[in-house]
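Next up: some structures, all given as structure tokens.
Across the two complexes that follow, chain A remains constant while its partner is chain B and subsequently chain C.
This part shows the complex of A and B:
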């Protein structure tokens, strides 16, 4: 399997294919908004998304600066994501709403499923491909490669894979654009530079 | 012959505490949906489908009951094999103990309970989780990584989810009426079922063949389906292509049929686009409620019941059809020899999934 592009996001910087494409040199805690504005991509829905979806969407859009997604068919790219904490960042908002604030917000509740970030990507990119979300204890690329490989087929040889976490301790994402390739082994060395 | 056989492992539901009692309840058109008082966010009454016998630690009590039945139905040499893996489909896991991670104890629990050799894989993909997990299981077998895959589907009724759906106005104020012109929402339900996919028949129970499945995103909206049912349409097209059958071969459709205005309308549009309007079809949500992560597993098991008994179950809740395109909704239980069965699911995040089963004949 070939890595066509790789993106790492955290509160300090965004790196795509070994280049720093965004550096958080502001003291603003809303660094994701600034990273979005830097994209020059007009998509007001971004501001309504939860943290998990914002991270995923930033990853795809920054990768798009290195990859021409328009050359792919609309169902040629599978979307497979994983994390350990599911939709924690939205779960805690919803939970706090009804246990402490005596209210329920549907805008918060809709994000209390980890796969919603896949929906946001699909809507933004108009991608109709296969989608799946795994809850896994750690970032184990061997495990993820085994699952991703199962979704490659004649009509879809590509996959956007992401490990996205947003909780009280950290916000980070690693997103890979992968191509099925039986002749090349997955470049673990390259990935390890990002971990 | 590279067949993938599929058989039920366990079935703990609001209408039956095992496979055969759930099947009998379906034959008698019994529903587990009951009015529960003061469970809404402002103490409103809501119709919900709950399993009475689990009281404390409900998620793991339910999972435990399902494991007990599975151990009676699945030989231990298969459960304990290195060529066996378990998948778990759940939207919220043990959400009643939030903010503790709702998923982290599931794997260790199953390893210990079933004496598994491989770590379970957890899939959380909203209401399509169950169908997606069965499809994933089949892929694991086709790739020769495993000989047997046991797929659990489980979700429990919780304040977390109930209050959330209530805020979306997705809960009906009465018993759900899938496809009916007066439908106005879902009833939440809970269940834990397991289904077994294998390269061989594993016991004397009824087996069918799994022919194929797929998923496709609507690319339209995160909490409502595409009006034209684009994702469901594409998924079904892919599934029948993988299964190498024609649309006309399908004998019965087990729809998602949640009872919301939008879902049921979308499904009628998708099925109409596919020329499936004249196929016998039902929703099972009137029996069990919407069991979320368990739905795909539970409702596929009910497909097996129908195939085994040559009996299609009444689509509970329908009085007058109220969707734009015609559907041949099953009005009462009736006998039918069915060969090819299509199961569909749709969910938040715009996901859609489908799978195709076939009855065994003498050559299989």
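This part shows the complex of A and C:
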């Protein structure tokens, strides 16, 4: 299995393939919006997404600057995403809305499932491959490699894997674009440089 | 009525998170669910919430929603006819 691209996102910077592609040098707390604007990618839906989806979209679009996705068929790219805290921030927002403010927002409610971020990417990129979202106690790459290999055993060629976390303490994402390659072992050293 | 329409435009922008869209970008007769604003089915639900939260109005017949939410004009007409 080969890492064709790797992206790390946090509130300070976005790194793709060992290069800083976005650096947060503003005092704005809306750094994801600024990172999106830098992409020169017109997708108004971005502003309606929850934080998990925004992080995932930014990761995929910044990786796209390093990998030509247009050369792949629409069902060739599978997706596996995971985190520990599920859709915690959206859950709290929805809960607060209806318990304290007596308000219900369908646009908030729809994000009270973490796998919705996969749907957002699939719609945006028009990808129709297999996908899955795992809730896991920790970033256990061996576990996720087993899941990715299950897809590769079914003759799929590519997989995007992402660990996306958004909670009160931090926002971060690690996203990999992986290619099936029986001659290469997964490069843990390269991944560890991002952890 | 024009004041209500301006108010509606501001509420639509806020409720639907329409970034980079100003009140002046929404014409009274613009098709809200046309290509201009990129609204989807979730936004349609937000309109129902907007009517209930801001004007205390509910749509009794869901099939009427398409006509009511067609434009700012049709929304304002509905509000004017049904407000207490």
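The rule is simple: the second predicted complex is superposed on the first by the 192 of 195 C-alpha atoms of A that agree within 3 Å, B and C clash if a C-alpha of one lies under 4 Å from a C-alpha of the other, contacts with A are read in each partner's own complex, and residues count from 1 in each chain.
Note that in this section a contact is a pair of C-beta atoms (placed from the backbone, for glycine too) under 8 Å apart; a residue touches a chain by one contact, two chains touch by 3 or more.
From a predicted model like this one, the values you see are computed outputs, not experimental measurements.
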- Touching A:75 in the superposition: chain B (first), chain C (second), both, neither? first
- Message: Counting residues of chain A touched by each partner, does chain B or chain C come out ahead?
- Response: B
- Message: Between chain B and chain C, whom does A:47 touch in the aligned arrangement: first, second, both, or neither?
- Response: second
- Message: On the A-aligned overlay, A:95 touches which partner chain: chain B = first, chain C = second, or both, or neither?
- Response: first
- Which superposed partner A:110 touches (first chain B, second chain C, both, neither): both
- Item | Common interface residues of chain A - those touching chain B in one complex and chain C in the other | 104-106, 110
- Item | In the complex, chain A residues that touch chain C | 33, 44-45, 47-48, 103-107, 110
- Message: Under the definition above, what is the set of chain B residues touching chain A in their complex?
- Response: 41, 91-93, 98-99, 101-104, 107, 121-126, 132, 136, 139-140, 143, 145, 159-160, 163-168, 214-223, 230-231, 234, 347-351
- Task: Spell out the part of chain C that touches chain A in their complex, as residue ranges.
- Result: 16-20, 38, 40, 42-43, 45-46, 49, 53
- Message: Show me the residue ranges of chain A that touch chain B in the complex, using the header's touch definition.
- Response: 74-75, 79, 84-86, 88, 91-92, 94-95, 98, 104-106, 109-110, 112-116, 118-120, 122-123, 125-137, 146-147, 149-151
